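Next, two complexes with chain A in common: one pairs it with chain B, the other with chain C.
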Partner chain A sequence: MPWFDLGLAAMLLWFAGHAVGARRLHASATVYICFGLLLTLAWVRLDAPDLALAEAALGAGVTGALLLKAIASLGSRPVPLLVPAHDAWRVHEPLGGRLLGAIALAAVLGVVLVGALGMAVVSLPGEAVGLRPEVEARLEASGVRHPVTAVLLNFRGFDTLLEIVVIWIAGVVCWTFPRRRELVLRPDLQLTSLVRFVDPILLVTAAYLLWAGSRAPGGAFQAGVLLGAGAALRLMAGEVLPKAGVIPRFLLSLGALVFLTVGVAAVLTGLPFLGYGPGDAGTWLLVIEVGGTLSIGYALMLLFQRGRGAGA
Partner chain B sequence: MTTVLDWASGALILAGVGFFGAAVVGLLRLPGVLCRLHALTKADNVSLGLIAIGLALRADSVQIVLRLGLIWLLVMAAGATTCSLIARSAVAARPRKQAP
Partner chain C sequence: MISLPTLYGLTGVLLAGIGLLALVLRAHAIRKLVGLNIMGSGIFLLMIALARRAPGGAPDPVPHAMVLTGIVVAVSVTAVALLLLHQIASSGGDAASTETDRPAP
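On to the complex of A and B.
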């Protein structure tokens, strides 16, 4: 079995090198998507299915799609990344002094970093227990049955609140971009057919992931990413999504608003900020997750739109 | 009885991996975008289907079999659409030839 892990690690390094050193940006982005899928496998091998879901959806899927869209908007000429060269790895001109010095410095720093990380990993205790016993002891009181969801939404809920606020800020920043003349996508028959086939599946799967997050890997982020991916697919199929108005602003802010309201309401009833009464936690967490899902999906759609079609 | 299922699923999975290998060879060696797309869509349909059926023989419940079928269906739909889109953009990017 270590052969599979070693092979996977070697492939990860190989793909990362190709993603950085490829001659054309388009190839770079495509290799990056493959790298994201391999990283998903690595998370599964490390026994972290929640991270694997997030990596597959966000790292490989959404980031890859955003990269390809950005590259498409740069124009048709391939942009050289490192050195003007005829091949991916070989340079025909003699390496200049500054470039050689930069490569040497990067190599030395890389070796130092890998060495430090290796020493840190090797010096960890053999059987790492972590906080798992404490979490499992309080799992009953947290309102959900999955330890990762309990930690994310209940025990460390403040961090998740800050993350949702960051996503809200990203959405608002997208809206501040000036309207530019962008590629106008005509409604495309093939993509529209794909949307008709895939959209109901995406909606049902998103709802399932949201509901299943309380007892299995899933939750608001994964469900929100699926909604955002469905919206991005519709944008690519040429469908025009609504411009900014009251409802889009409300949808974007819903996650942060709900989270803050629940937290402040707890303070008003005498509990600490983001505290939950006995037995209430499950319901409140579901409410927070629903708001978070809608906001994350909408923010991802805004990232895809790049401000097109939205005004101040 | 279980050993027959094991042998069958193993054979199907190996066949699927073989088709994947053929698709990779086609991707690397065939000339032109359209020929390479031919190879890749075979990988989508046949090899993933063989692997899905092989895994379905080892499944514990009907739910897993249905999930594997849904995954295969979705990958085929996505693969068919992207193949067609790539082909269209490759044809559109060709330099226009003068009519003789």
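On to the complex of A and C.
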């Protein structure tokens, strides 16, 4: 009887319910961070260390920090948007304000979703080969030795290219908003000292993860997220982002540009788009990963900063 | 005796249900966002639980790559949604509706 996993599953559900049901927004965000950390454990239990790395940094860390920052800055508006205690389970206005109707709708949707998916989960066979044999057969030729990295950057490289473009779009959207007075964080001596100690460790760990991604869990996304987290820490300790200019735009676009260039260069040499010649793949994947890491780190720093100091 | 894939698969489905309920029933935009994120996490958990059914120990790597992409995209969406919310708030709307026209005096 997998007691640990049963307990973990129960805690996941409990924390999720608490995150959406908490009275105060601040509690909601904090519990969501805890939920993210529990989910990291679930990824470890399911043999997904790459996901655990990404979830701990992104799902729990960055999302939680963004939520807390948003709640804090919304709450400081002249009209308080921290909805007071009567923000109970009430309906969004366009549904006509009929609470009973909304609950019925939600119940039907919920039952259909949970019921259909639950029945599917229970009725699926206990063993399924999936695509692992195909991946393992071509792993040698992919240029890396870690299956997930091979799928991410080589076999499903087009999806990853689009993902990097999505991150780029998020950064561009950030820059389209007008500059506004930002929440000013007074640098704290303890925080500044801590950041001075922790930041180099984060940088070195990010570089290690980037390099290790070719043969072990790691890779561009995990490394990029660490860079972004280090930048967010530095921002909280009082560092100011450089003003908009060529270099920030270049850094943000680097990942997408490099990926596209490699893909198009392949076409010019007669290979399919994003194809690689025999033996070349490893080098090109590393180049793509370096670009991706820098872009992801910069985009996260930008999103955390919310456009201050980088007005168009 | 319940297998790990089934256990986590059902947990993922229930999490998706919780997220959906929050998305429909809560009025405040940030709570809806949290609900959306939880719903996404539930679906990811379902996918990875199913990927672990591969015989012989090592899981199927393709869903892992897809969920990694999904986590990154979910964070980007959350960040942009919070930016938009901040912009709505600056223009005079409030977080429980998207009306930004000020009422006539």
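The rule we apply is simple: the second predicted complex is superposed on the first by the 285 of 312 C-alpha atoms of A that agree within 3 Å, B and C clash if a C-alpha of one lies under 4 Å from a C-alpha of the other, contacts with A are read in each partner's own complex, and residues count from 1 in each chain.
In the analysis below, a residue touches a chain if its C-beta (ideal position, glycine included) is under 8 Å from a C-beta of that chain, and two chains touch if they have at least 3 such contacts.
Computed from a prediction, not measured in an experiment: that's the story for all the values here.
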* Between chain B and chain C, positioned on chain A by superposition, is the outcome a clash or a fit? -> fit
* Asked: Which of the two partners, first being chain B and second being chain C, lies in contact with A:L39: first, second, both, or neither?
  -> second
* Asked: Looking at the overlay, what does A:V264 touch: chain B (first), chain C (second), both, or neither?
  -> neither
* Structure fact -> Of the two partners chain B and chain C, more of chain A gets touched by chain C
* To do: Look at A:Q190 in the shared chain and tell me whether it touches chain B only, chain C only, both, or neither; answer first, second, both or neither.
  => first
* To do: Classify the contacts of A:L6 with the two partner chains as first (chain B alone), second (chain C alone), both, or neither.
  => second
* Asked: If you stack the two complexes on chain A, which partner ends up touching A:V198: first (chain B), second (chain C), both, or neither?
  -> first
* Which holds for A:L117: it touches chain B only (first), chain C only (second), both, or neither? -> second
* If you take every C-alpha pair with one atom in chain B and one in chain C, what is the shortest distance in Å after superposing? -> 21
* Mind listing the chain A positions that touch chain C in their complex? => 1-2, 5-6, 9, 12-13, 16-17, 19-20, 25, 28-29, 32, 35-36, 39, 42-43, 45-48, 50-51, 54-55, 58-59, 62-63, 66-67, 69-71, 73-74, 77, 79, 81, 83, 87, 89-93, 102-103, 105-106, 109-110, 113-114, 117-118, 121-122, 124-132, 135, 147-148, 150-152, 155-156, 159-160, 163, 166-167, 169-170, 173-174, 177, 180, 221, 296, 299, 303, 306-307
* To do: Sort out for me which residues of chain B touch chain A in the complex.
  => 70, 74, 77-78, 81, 84-85
* Structure fact -> chain B partner, complex, touching residues on chain A are 190-191, 193-194, 197-198, 201
* List of chain C residues in touch with chain A within their complex -> 1-11, 13-22, 24-28, 30-31, 33-35, 37-38, 41-42, 44-46, 48-55, 57-69, 71-76, 78-80, 82-83, 85-87, 89-90, 94-97
